[in-house]
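Each of the next two complexes has chain A plus one more chain, namely chain B in the first and chain C in the second.
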Partner chain A sequence: MKKIEAIIQPFKLEEVKEALKNIGIDGMTISEVRGHGRQKGHKEVYRGQEYNVDLLPKVRFDLVVANERLEEVVDAITTAARTGKIGDGKIFVYEVAEAIRIRNGDRGDSAV
Partner chain B sequence: MLAARTALVDQEVRARWTTMPQGIALAAVGGYGRAELFPCSDIDLLILIPNDSVQSAIKEPLSLLLRDLWDQGLRISQSVHTPQDCNRIDNTNAELSVSLLDRRFLAGDEALFRQIKDPRAELGKDIARLTKERHLEYQNTIYHLEPNVKDAPGGLRDVQVLRWFAKLGAGDEHSPPDTEVLFEIRCFLHYLAGRDDNRFTFERQDEVTKLIGAESVEDLMRRYYRAVRGIARLANRRLDRFEAKGSSLFSQFRDKTSRLSNSDFSMVRGEVFLRGSHAIEKDPGLVMRLFEFLATHGVTAAWDTLDRLEHGRETFGEWARKQPTLLKPFRAALGKPHAAQALRILHECRLLEEIFPELLDMEALVIRDFYHRYTVDEHTMVAITAVLNLRTMAGDPFAELAAETQDLDLLAIALLFHDAGKGSPGEGHVGASVRVAGPALRRAGISDRAWGIVHFLIDAHLELSAAISGRDLSDPEVLRSMAERVGTVERLKLLTLLTWADISAVNPTAMTPWRRQSLWKLYLQLNSALTRELSARIAPPETEGTPEMRAFLAGLPPRYLRIHSQAEREEHLRLNGERGEKGIAASLVRTEIWTLNVVADDRPFLFASAAAAISSFGFNILKAEAFSNAQGKVIDTFAFADEHRSLDLNPDEVPNVVRTVIRAVRGEISMEQLMQRRPKVRPDARILASARVGFNNDASPASTLIELLTQDRPGLLCDIATVISKSGGNIEVVLVDTEAKKAIDVFYVTKAGAKLTDVEAGELVSDLRKVAIPE
Partner chain C sequence: MQIPNALLLQAATDLPARLTALEAAAKSAQSAGDNAWMLTSAALVLMMTGPGLALFYGGLVRRKNVLSTMMHSFVMMALITVIWSIVGYSLVFSEGTPFIGGLKYLFLSGVGKEPNVDYAGTIPQGTFMIYQLMFAVITPALISGAYAERIKFSAMAMFTTLWIFVVYFPMAHMVWGKGGLLNAYLGGSIPTFDFAGGTVVHITSGVSALVCALYLGRRKGYPAEPIKPHSMVLSVVGACLLWVGWFGFNAGSALAASGLATSAFVATHLAAAAAALGWMGAEWLHSGKPSMLGGISGCVAGLVAITPASGFVMPMPALLIGLLAGLFCFWMVTTVKNMFQYDDTLDAFGVHGAGGTLGALLTGVFATNAINDSQINGKVLPLGLVDGHPGQILNQAIGVAIAMTLAVVGTFIILKVCDLVIGVRVNADDEEQGLDLSQHGEEGYIPEA
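Coming up: the complex of A and B.
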């Protein structure tokens, strides 16, 4: 199993959710996060003063999928979240040792 | 039923008590003591022993007794105490003392039971503390979508609090509120859950609606909220009174407030009473004066006053709905420091709904939503409270926006109606809210300008939050079209504040730092887009008025069209035709405030000298704008306050003001002469701490943008404009706003038809700082 962590532009949230739903992925955790990568922050001038907006609002998706679905899911997220501009975000993939469904104790792929 | 269940349990308990040794006693306390045993309530038993040495002797028989009762399916919660323990009142055993207020003898040594004394009135302090802590856990509101019928404010626990206060001699003559529906609901909740679970969740609301035989969930919930509202009001009043009794600070305040009494109201013990019997029936307008009185002084309405408000409700409603200018006193009250608190009193007595019956559809309305915690009317009240209270906060960027914003009262009105359409089935609520607000506010006499703002705010109230999560804000085209939709910086500020309040009032944690930052960033981006737009020039469409009007409008920025009505544009065109050889014409117009219009050929010191002329009369400039059209004609407008009403009282003076402005602009009177008599203002360290002057050479393609924020003072505008003109700068566009003693000015400046160099702009900023920010 793989854990996918995708950090994307907030306005792409619905599109990415829809793309995942279309390939049968319903379980995910979504959080509002702030940070920056290469995009850095930027400066707004407000009332004659520069105003730093250094940590940019982003949305993070966390989901765990079976190994064989990894590429398909990564493709779906990438396609839906891409605008081609700086700031589109990143996807990180991790190995998952085990998954357990608390309700009934299911383990492995059937628990995700 | 509760009493019958209690009697059954009494029988079971007494029957088993016979195995216990002599010399001890058994008492029922808590809900069991009150003979109000809900199906799954704990059965609170107090075992009274004469002294601690008896403990070991009763251990064995007591555990047998308790086991036996448990085996009967009774959830026993027992404690063993001596009468001395029971008679001690301190912080460590407050809950025991409170539970003893409901004690009832069951079996054993009755003389021992009688050794428990009635608690002293000091216990009230503990009850008040525990109650306040409990209310705080529920954000001090009754309007939770999924309430806890026992512990939430106005719940059954508050009914007990009222009874306890009465037992301690701190109650009053008012009969206990209607509690039947709460008892019924709690019984069903226990049956359904099979345990002492008092959360009235959406699922349970559906089930209980059927079991009780209510018409609909909405009906049941309205019944619930109405009952709870009465209980909560009574309980809070009792708490306030109890706390006030012991507070010397309060007595001082109370003494002070008695001086506020007037011919309408008398202040007694810090509370407002209406003078005269049937006061509302004889003079329904008294309610609006009371609203303003409460909003101004932040005092509370006496119980008797609330009673009379409720009794006079219909008379007031009939009167209010026939008043064509009711919105005027309503808006005036909203501008006062304690308006949020006063508005809530109107709502709680359902007087707000008498003024605007259109709001009744959202009263105690439950819209099931994962994020929303409150009913629609409470969400509305929380949002209005949040926005009006922003005025008193410092250091927060949204509070700063609120402090600079005119029309905060209109924002509160827009919030009042923003979700009013949620009560209309079958359509999107935004359009429905606009449709509900229109006739209601028209009936109350809203002006076209005010309705324009309120209509826009209701209509656009979801747009900023939707943009944060759904639009690519790095795309300049997206920002440009949003800026166009918003129109002016003034509207942007109001819409930003409305969005802030709307999100904040969803639930106590809805305004996450993420959303807050996203909203602020969007405000900055749109503000910058709107400021940039000032250097754009319009080409009026063929359909826009006469050829003369089209020629006049050509080259003005889009803002000119957005802020000036047709009548104002026609007045400017008329002045343009009157310029004649002098090259200038001016007029003074009275609306809500005075506005001076000047149309002139461009010339040095034009703006500065007009500003100086106005200030020389002692008028306070609130807003000023200067634009120029393609023909090189300058249109200056100055909105000013005439605090001493000298123009209203001396209308003959109006032509003199106009004449002085024209003479000043033509250089026939020197500015030094005009500014000699301006009053001095003491520096305000708080405003000056955030004062700044800066320039921006990227915001506009053709001009240098000078932005300035400082403490306002008479003649400031004239001084600033003079510095710019002396430096050889030409003022192309000016936006001047004054609010809460702050001046917020934006100047678009050119020199010889081009932007200033960075060096020139830096020097100008340094010169401006000297006149705008005192050392």
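Coming up: the complex of A and C.
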């Protein structure tokens, strides 16, 4: 099993969700996060006081899939989340040691 | 045709009775109209404090201090009301010395349906009393912009209670009370014009705010760490409620549903509009973008500056006063505040102190008896510079100086007393945690609820 952690632009949330649904991925966890990579932040001014905001709002997807579905899912996310501009985000893939469904104790691929 | 003599005779004897009835009816109709407007105005001015100012200030602080900041406004609506009903109204509006009123209206005795002809002959004195109360409520709430995010709630309550006696009641009596030192219409020896509270409300609160900001010191992390408004949306809603409520504040100060109320209404609106454009324009040139915060700050600055002038000036001077206030206050809260690095957290001094001073002085320039023909010692006199009375600017300046001195000295002494008795500033941990939790044990936003 692989864990996919995708950090994307917040406005791409719905498109990525839709793309995952279309290839039959049902389970995912989504969080609102802040961060930046090579994308520069922006300047905000409140009553003349300048603030450089370098941590920008992003959305993080966490999902775990069977090994053989990895490429398909990564493709779906990449295609849906891409604008071609700096700030589109990143995808990280991890090995997962075990998955357990709390309701009935299922383990492994059948639990995800 | 011949009218029978008997009929003529009857008409002649009826006439005085009919005239009396007609006069009474006209008086009652005017009283009804004036009272309806004044009760509405009183409600509008209360709305400026809550929710207007509570939202405006609440949005500008960090989310951990939103409730405590709203409390600083809300609590005035309760606290000042009680003080006012017991003794405050009497100390401002009953006759006494030129500096403070007497105790004639203690516990509101004799303040009911009958008018007080010294102030407003067509409305019940009860209406006048409740209307004037709303000014006493908002004034200390304005100061809270300077001590937000770091004052103890207990110290705030004590400070406010003392401040309203030491600064507000004397100043309001001097300007508006019968026999007050600065009252142009009721026997003051230094006649100044302050239609709706430029000195009484905005200079006292704004200058006291600066003293509070200096005395309490900067918030932890200011100005090195970014401390941004947590919700501009709340602030916009609050500022727009202030704009609307200000019609009660200024047009209501005519104390009647009169032509003077209309001209104050118009002047108020024009000044707010011009000031919003002035501030936004200045920041557009200065930092490249006009902002929502600039727009609402500007409109409040314009409303502050037109407050003393609203019942005295023509529409075009009102526009000019607003525009100048927008530019001047923008300069105060950006350049001047940054130069000295005082933490006037929500710019109570930069907007109310500065805007109020500008407005009070410009009232001396633009006041004209073409707008306000109230008699002074039985005559309609020239009012400001435009009427050929440049000396009025000096009178206005004296009024400003008295308000400032009273605010500086009074506020400093009261802060010292509060500091000795309970300590004014929260400790560093409580400040870090936020006043909502440390002072009130609650939070404004609870994501898991």
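Definition applied: the second predicted complex is superposed on the first by the 105 of 112 C-alpha atoms of A that agree within 3 Å, B and C clash if a C-alpha of one lies under 4 Å from a C-alpha of the other, contacts with A are read in each partner's own complex, and residues count from 1 in each chain.
One rule holds for everything that comes next: a contact is a pair of C-beta atoms (placed from the backbone, for glycine too) under 8 Å apart; a residue touches a chain by one contact, two chains touch by 3 or more.
Predicted model only: the values in this text are computed from it and were never measured.
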Who contacts more of chain A, chain B or chain C? B
Applying the touch criterion given at the start, work out whether A:33 contacts chain B, chain C, both or neither, answering first, second, both or neither. first
Regarding the shared-chain residue A:75, is it in contact with chain B (first), chain C (second), both, or neither? neither
In the overlaid three-chain picture, which partner chain does A:13 touch, first (chain B) or second (chain C), both, or neither? first
Touching A:106 in the superposition: chain B (first), chain C (second), both, neither? neither
Scan A:87 for contacts with chain B and chain C and give back first, second, both or neither. first
Is A:57 contacted by the first partner chain B, the second partner chain C, both or neither? first
Chain A contact set shared between chain B and chain C covers 44-49, 51, 53
Listed in rising order, the residues of chain A that touch chain B in the complex are 9-11, 13-14, 32-34, 44-49, 51, 53, 55, 57, 83, 85, 87
In the complex, chain B residues that touch chain A: 468-474, 512-515, 517-518, 521, 524-525, 527-528, 692-696, 698-699, 706-709, 744, 765
With touch defined as at the start, can you tell me which chain C residues reach chain A in the complex? 223, 226, 228-229, 283, 286-287, 289, 291, 293-294, 297, 330, 333-335, 337-338, 347
Of all residues in chain A, those that touch chain C in their complex: 44-51, 53
